[in-house]
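First, the structure itself, so that you have it in front of you.
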Amino acid sequence: MTTVAAAQPVAPDGAAVRPRRLALVASKGTLDAAYPPLILAATAASLGWEVGIYFTFYGLDILHRKKHRRLKVAPLGNPAMPVPIPNLVGALPGMTAAATAMMRRWMKRSSLPDIPQFLEMARESGVRLFACSTTMGVMGVTPDDLMPGADIAGAAAFLDFAADADVSLFV
Amino acid sequence: MTTVAAAQPVAPDGAAVRPRRLALVASKGTLDAAYPPLILAATAASLGWEVGIYFTFYGLDILHRKKHRRLKVAPLGNPAMPVPIPNLVGALPGMTAAATAMMRRWMKRSSLPDIPQFLEMARESGVRLFACSTTMGVMGVTPDDLMPGADIAGAAAFLDFAADADVSLFV
Amino acid sequence: MTTVAAAQPVAPDGAAVRPRRLALVASKGTLDAAYPPLILAATAASLGWEVGIYFTFYGLDILHRKKHRRLKVAPLGNPAMPVPIPNLVGALPGMTAAATAMMRRWMKRSSLPDIPQFLEMARESGVRLFACSTTMGVMGVTPDDLMPGADIAGAAAFLDFAADADVSLFV
């Protein structure tokens, strides 16, 4: 948390001011749903905020070191896709792969890092990565499945962190 | 709300301290989306927090006494499903039922109560259950459709409750 | 922001009290997901709150002047739809149009404005509409695509606005 400490603001009378805090829940495991919490976390950390992300349910895939390089976008049932795909076509084999490849190209064109790079950057900026212990049990995720630096925590620990947050968001 | 009152903390000088408060919105009606707000609510209540859940849009199904025993998971368009199913297979009759049965087994194996039990536990712990009056009108849900103990409330009542919350989350 | 200023409460000693503030993120571009942030925003504004909505990812479609009259509901992969549709039927051409038409009828029957009307009402009540600059770049949305009155802002500007909010919700 050195980065955060270094950015900690100081009040006019010299007393340390508590930094802002952002508490995020990442509950989805698709490529498009993985970006918003990481973008918000990285932005907040760069502003000197304390940040924690609680990965739960399908969101655990974002912390999963075998899965997080292969998160996918489904075109099916998502009429808001930038290039909308009729559902019958979206159900054809290969369309999820095509939508995923398209989103990867967009992110690259906009110089956004991929998910593993983004997580590594977040961790280096002091962002805390919590894996939900309850859903690890439910979904059969083991500690060895998680990327290095992730902490296993229960919902009570997340609530304790979020209670003092300035902004809490469930993604 | 006896349970919450009993857990209310007291400051060193003997004055009553306002308990923490969690305000949740449950907007989705699938089985997988019903668990996160209930797990967070039950955890917060067990820590002595005041908790309210505002059920709106599809989330009203969680309060619906005929529907909430039969909430479903759709494998379609969800490439983050723990056992991913190709979309063409996911569209076959019976696949939603299979994904739902699988999630029920996981929850049971992890000793998580089912949705009606979870709601009853939450209510007994003092969690307030609000049914969104606007979407009741839009979706044709009547007061008799709701489980006992649910209060009908508008968005203004929810915002009033959430304004004093330490943590607010939209699920 | 005249409306908000006019509604600003005054404490018993005559000092101005900071109004409540609601910070919303609208990240989805379907018709059903567009209503909750707009209903919450309009309700909060009518209570004298300061309100800002940050439109990001697919949620940018809600601000898109060519797209926001044509937002859709997908019946596919959504077993919580009030009239559930088997997935194979939901994949047939025309079913997304049918589900969309049904939801439009419900909203009209409940006297809810359509999306462009709702946005215009929100803007007139002083609700601030922020378009996420990062996802504009990623998804190729230009300033000319946005409805009048929308401000382009980065995640840092949203966090700054949300840091002083009483309630923050990610929809």
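Order of writing sets the chain letters: A, B and C. Residues in each chain are counted from 1.
By our rule, contacts are C-beta pairs under 8 Å (C-beta built on N, C-alpha and C of every residue); 3 or more make two chains touch, one makes a residue touch a chain.
Everything numeric here is computed off the predicted structure, so don't read it as measured data.
As for how the two copies subunit A and subunit B face one another, under half of their interface residue numbers coincide.
For the copy pair subunit B and subunit C, the superposing rotation over Cα atoms measures out at 120 degrees to the nearest 5.
For this pair, subunit A with subunit B, the centres built from the Cα atoms lie 23 Å apart. Residue positions 74, 76-78, 90-91, 168-170 of subunit C each touch two or more of the other chains. Interface residues of subunit A facing subunit C in the complex, by the touch rule stated above, are 20, 22, 32, 35-36, 39-40, 43-44, 46-47, 49, 74, 76-82, 86-88, 90-91, 106-107, 109-110, 112, 166-171.
Against subunit A, in their complex, subunit C makes its touches with residues 23, 25, 27-30, 56-58, 61, 71-74, 76-78, 90-93, 95-96, 134, 137-140, 154-156, 159, 162-165, 168-170.
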